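Take this structure, written in structure tokens, and hold onto it; I'll ask about it next.
Residue numbering begins at 1 within each chain, and the chains themselves are lettered A, B, C and D in the order written.
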Amino acid sequence: MSEVKKIAVLTSGGDSQGMNAAVRAVVRSALFRGLEVYGVQRGYQGLLNQDLRQMDLRSVGDIIQRGGTILQTARCKEFMTAEGQQRGAEVLREQGIDGLVVIGGDGSYQGANKLSKLGIKTMGLPGTIDNDIPFTDFTIGFDTAVSIVVDAINKLRDTMTSHERSSVVEVMGRHCGDIALYAGLASGAEAILVPEVPHDIKDISERMKENFQKGKRHGIVIVAEGVCSGEEVARQITEFSGIEPRVTVLGHIQRGGSPTHNDRILASQLADFAVQRLQEGDSGKGIGIIKGEFVATDIEKVITTKKSFNLDLYNLALRLAQ
Amino acid sequence: MSEVKKIAVLTSGGDSQGMNAAVRAVVRSALFRGLEVYGVQRGYQGLLNQDLRQMDLRSVGDIIQRGGTILQTARCKEFMTAEGQQRGAEVLREQGIDGLVVIGGDGSYQGANKLSKLGIKTMGLPGTIDNDIPFTDFTIGFDTAVSIVVDAINKLRDTMTSHERSSVVEVMGRHCGDIALYAGLASGAEAILVPEVPHDIKDISERMKENFQKGKRHGIVIVAEGVCSGEEVARQITEFSGIEPRVTVLGHIQRGGSPTHNDRILASQLADFAVQRLQEGDSGKGIGIIKGEFVATDIEKVITTKKSFNLDLYNLALRLAQ
Amino acid sequence: MSEVKKIAVLTSGGDSQGMNAAVRAVVRSALFRGLEVYGVQRGYQGLLNQDLRQMDLRSVGDIIQRGGTILQTARCKEFMTAEGQQRGAEVLREQGIDGLVVIGGDGSYQGANKLSKLGIKTMGLPGTIDNDIPFTDFTIGFDTAVSIVVDAINKLRDTMTSHERSSVVEVMGRHCGDIALYAGLASGAEAILVPEVPHDIKDISERMKENFQKGKRHGIVIVAEGVCSGEEVARQITEFSGIEPRVTVLGHIQRGGSPTHNDRILASQLADFAVQRLQEGDSGKGIGIIKGEFVATDIEKVITTKKSFNLDLYNLALRLAQ
Amino acid sequence: MSEVKKIAVLTSGGDSQGMNAAVRAVVRSALFRGLEVYGVQRGYQGLLNQDLRQMDLRSVGDIIQRGGTILQTARCKEFMTAEGQQRGAEVLREQGIDGLVVIGGDGSYQGANKLSKLGIKTMGLPGTIDNDIPFTDFTIGFDTAVSIVVDAINKLRDTMTSHERSSVVEVMGRHCGDIALYAGLASGAEAILVPEVPHDIKDISERMKENFQKGKRHGIVIVAEGVCSGEEVARQITEFSGIEPRVTVLGHIQRGGSPTHNDRILASQLADFAVQRLQEGDSGKGIGIIKGEFVATDIEKVITTKKSFNLDLYNLALRLAQ
């Protein structure tokens, strides 16, 4: 493995909280290790537009606490073609850049994989609120997204308790139920609807009805967007029980806000590990943390494996939300 | 005017943040003035069910900071009939209660007005997030609701800036545009759609497009629910400009959460003033604050007047959001 | 009064939340009215250093929600001399700048007053968390500071209730007790120690003791820094009652954080009004809001008058905190 | 191992966020497994006072999100004697209670250990913000405490950046530096002073000075209370560099507030695991999570082992805070 001297970093796809902390850590870890480092603006699109600038210690000052990404992101159709990828690799080579850290979700990983095959050494950092990337327990942004959902449910709880009413809360996560699961367990939700586990809405509806009769003063159902809409769940609950839950769709506020300390720390750790691997000459890897250990997995494998679901946690949530 | 010795307090209609602070202040102000005071559970429904209990200093301990209402609220069809109102007055009289503070919105005020005509001395406190009650500059809960909307927009801003995108945020307020206006001014929203002022969506759409071209990195449109849905606004913006804004519907989280200090203070002041007026024998009044002065207005007048809209503030918002 | 065509804006003294919102509003209001506008970096020091740059609409984009001030502040001894003031006026005149908006506390106002006498048209905006400037009900930053104190006390309350303990909280405000008063009323503090009202610590201590015996589960005493230190208050309470309160000194976190919507709105309103007055040729005024009306008072009068204290609010707080 | 049928739960020592979530999970997990469960009020003191009440599903409704502990805590000298412990065991036996879950720090663990030796089956849950209990990566409350510190530093950063100043922040943790470490890494603190690692204040002071000269706009030093006071650190920095940092002592607000989702989830998991072990007849164990696995360690060993320090994380923090 030949040594890398000059690397670039970009953020791609949907943004997530902690991306800035990751950018900061890539830059400072690289500088610490004696590498030069460039920031690419607006993801792969910016790469094709040659929108790069050299970064120093101060370029990433005062950003660790900020949501969003100072490098911005964008969708880029051209980079999905072989020609686009070829050009991307050329832009980097022209600048003498032989390593690239890509922060984003699975779409972003695919691009990193292509560039790796074209001779650019690449590392993928899991930057998405959805926690849907395998070979890592957590993605960067997930902790903040859950905290936002839980904070919103704290607020709903006040008004529900006053009215003895129920709520359906639709959360993000694409095909992954983790935001729903973690927020649901932490909020004492009565039902958590996730794509990974089949549910019986008739049974849930009847249980809610019984619980109100037993004196429970509110009922919360969380539904991951990968299952169906919150409106649809509410409609079915009304059909089976007569209860008319209110629906809250949290939407993109789940992607904003200052990252939690956990996301900032995770981003710092994974970024530092990625730069280290890159410097050692490794390429085409997705970085993650599994049970406290940092791991680098072939991106090929990352993008073809389905994230597993924590059934123990799911069952615990049900057991405690009586 | 005969003196009042024993009063009751209830919360009615949709709950709002600060209702607990108001209940606390009614109870403690009454006790301070040597009155006995009862809490009615679940609004007018609880009154008909004779669900009352005597309150002491400790009954309202540790609630000033809580959202919702410890007295709970409920809708009550029976109380909308003359028979129901008659029975409500009787329940109070049987308990020797000759005064009642009703905390709620205009529906609640109507009930208080009826009871006043039936000989119960009543005071209405404006408890609603909507700020739609006239003869008061602010209602209890409005400040907290605006703070929640502004906090949500802070989060949206991060993710919008990263993507150079725009958002439509639908907020509550029923027929009143104040939540939209205050949150819009405080968030630097590019457009604020309220029921009180006609808008030209074509013009707004074109302005958004221009602003993006001039380098503005995000665009926020706030729409009060009294105008139309956020989805509808987004659809029209897309039609006129090609921009595809994301839609966030904040829903009932606007009604929850710990009240701001302003709502707690306002609730305390208005409640104290209401108890004082009641003790002096006044009745059938809606309490409010206008330019820093406490006022008591005939409920009759309150419920038949339309809240005026602060056009100066609206124009300032437009002027600054360039 | 001759017309002003080109103005500058600076922030001075201790920073406060909402200063950025004020800077934004000065700039945009000026541009809207056809004026040119310059930002001075680092207060009067920056003025002497000729550290000015022209501002456009985008210079103040995305700052309304940020704490601190993009123009920064600094102390400047040189500007306290007649020579320094003379030079400051010259720097402005050399740039063709004939108007200046100064955002800050009373020290900053004094500078504005001097410049006014030297022929520069000046307006002072009350930017301080202390609420210690007369001829305005509220200063920019005060609302946010109170919200931070109240949020901290919310947290203390949890742990105090679990332990049945008491706390002394020392808050800012210099010689003004308003932060203590507003936060104390909003938090249900048992005692509020402010410079404007004498207190009897023996009486307070005994009342706390009695309250614990009557079943109150926590006791909060708020002390304004202008009275004495929190440590000193705790020591005296222990002496008179045996109770050992914990002491919290909130310090400079009271000055940070995203401004509340109220501070953003107040800043926007006052700044717009200041620019309007400046354009009309007025000078040497401190801008404020009194009972909902915007007022411009001779700075001379502002800096020689003592802010009055709201005794009604103070008595209400005591009445309700039983 | 004989089977347990009736258990009790108590919280002891300093309270921490998530204790309520742990109480809820103990109660509901016990009921789910067919056990009877009692709540002991005010820790070991309440045990000696026979202050117990049976808990059902509703006893722990609506508490998962609340700071503090509904069971309250207290110090108890009597329980530190052999007689006191004997009596405690008797009180439990008289009620037919053969299992006890103790939620607290190491002092509380000692009590649980004694009771275990007296034949009561006991489990310790690590409830403290200090993260100073070995054989668990995290204690219940630690995540929330760190989040509060980080939020406070976010606020300080605004005002520091405006003034180009530095701050010393003193945080809790007793003899453990973890709150300082995690908050310091997440906040980009320039120096993190912990009891586990020696520091050179002269070197730190000079580095701060250089950084200001290089254009860094603020400097944050975090000091764990186990090292020395924040005041002392500030004094030394001034001595070596002339810089005069402001000091913030966060104090007991670090112990309050609604628990983060992580603390709620951790509390739920550990409590469920403790009840399961108790039901299986195990005793005298401290429950923890190590690299994602739940573990039960002899309390004897827990209270005689020193928590290890994460040097990798510490070094990462230094590496990135340049």
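Everything below uses one rule, namely that contacts are C-beta pairs under 8 Å (C-beta built on N, C-alpha and C of every residue); 3 or more make two chains touch, one makes a residue touch a chain.
This one's a predicted model, so the numbers in the text were calculated from it and none came from an experiment.
Look at the CA centroids: the one farthest from the centroid of chain B belongs to D.
Put simply, the C-alpha centre of chain B and that of chain C have 28 angstrom between them. Mean C-alpha positions place chain A and chain B at a centre distance of 36 Å. Chain geometry summary: the mean Cα position of chain B and that of chain D are 40 Å apart. For chain B, the set of residues that touch two or more other chains comprises 154, 157, 161. Across the whole structure, chains are in contact as follows: A-B, A-D, B-C, C-D.
Chain D contributes residues 11, 14-15, 17, 19, 66-69, 72-74, 148, 152, 154-164, 167, 246-253, 255-257 to its touches with chain C in the complex. Listed in rising order, the residues of chain A touching chain D in the complex are 24-25, 28-29, 31-32, 57-58, 61-62, 64-65, 137, 143, 146-147, 150, 154, 157, 161, 182-183, 185-188, 214-218, 258, 260-262, 264-265, 268-269, 272, 291-293, 313, 316, 319-320, 322.
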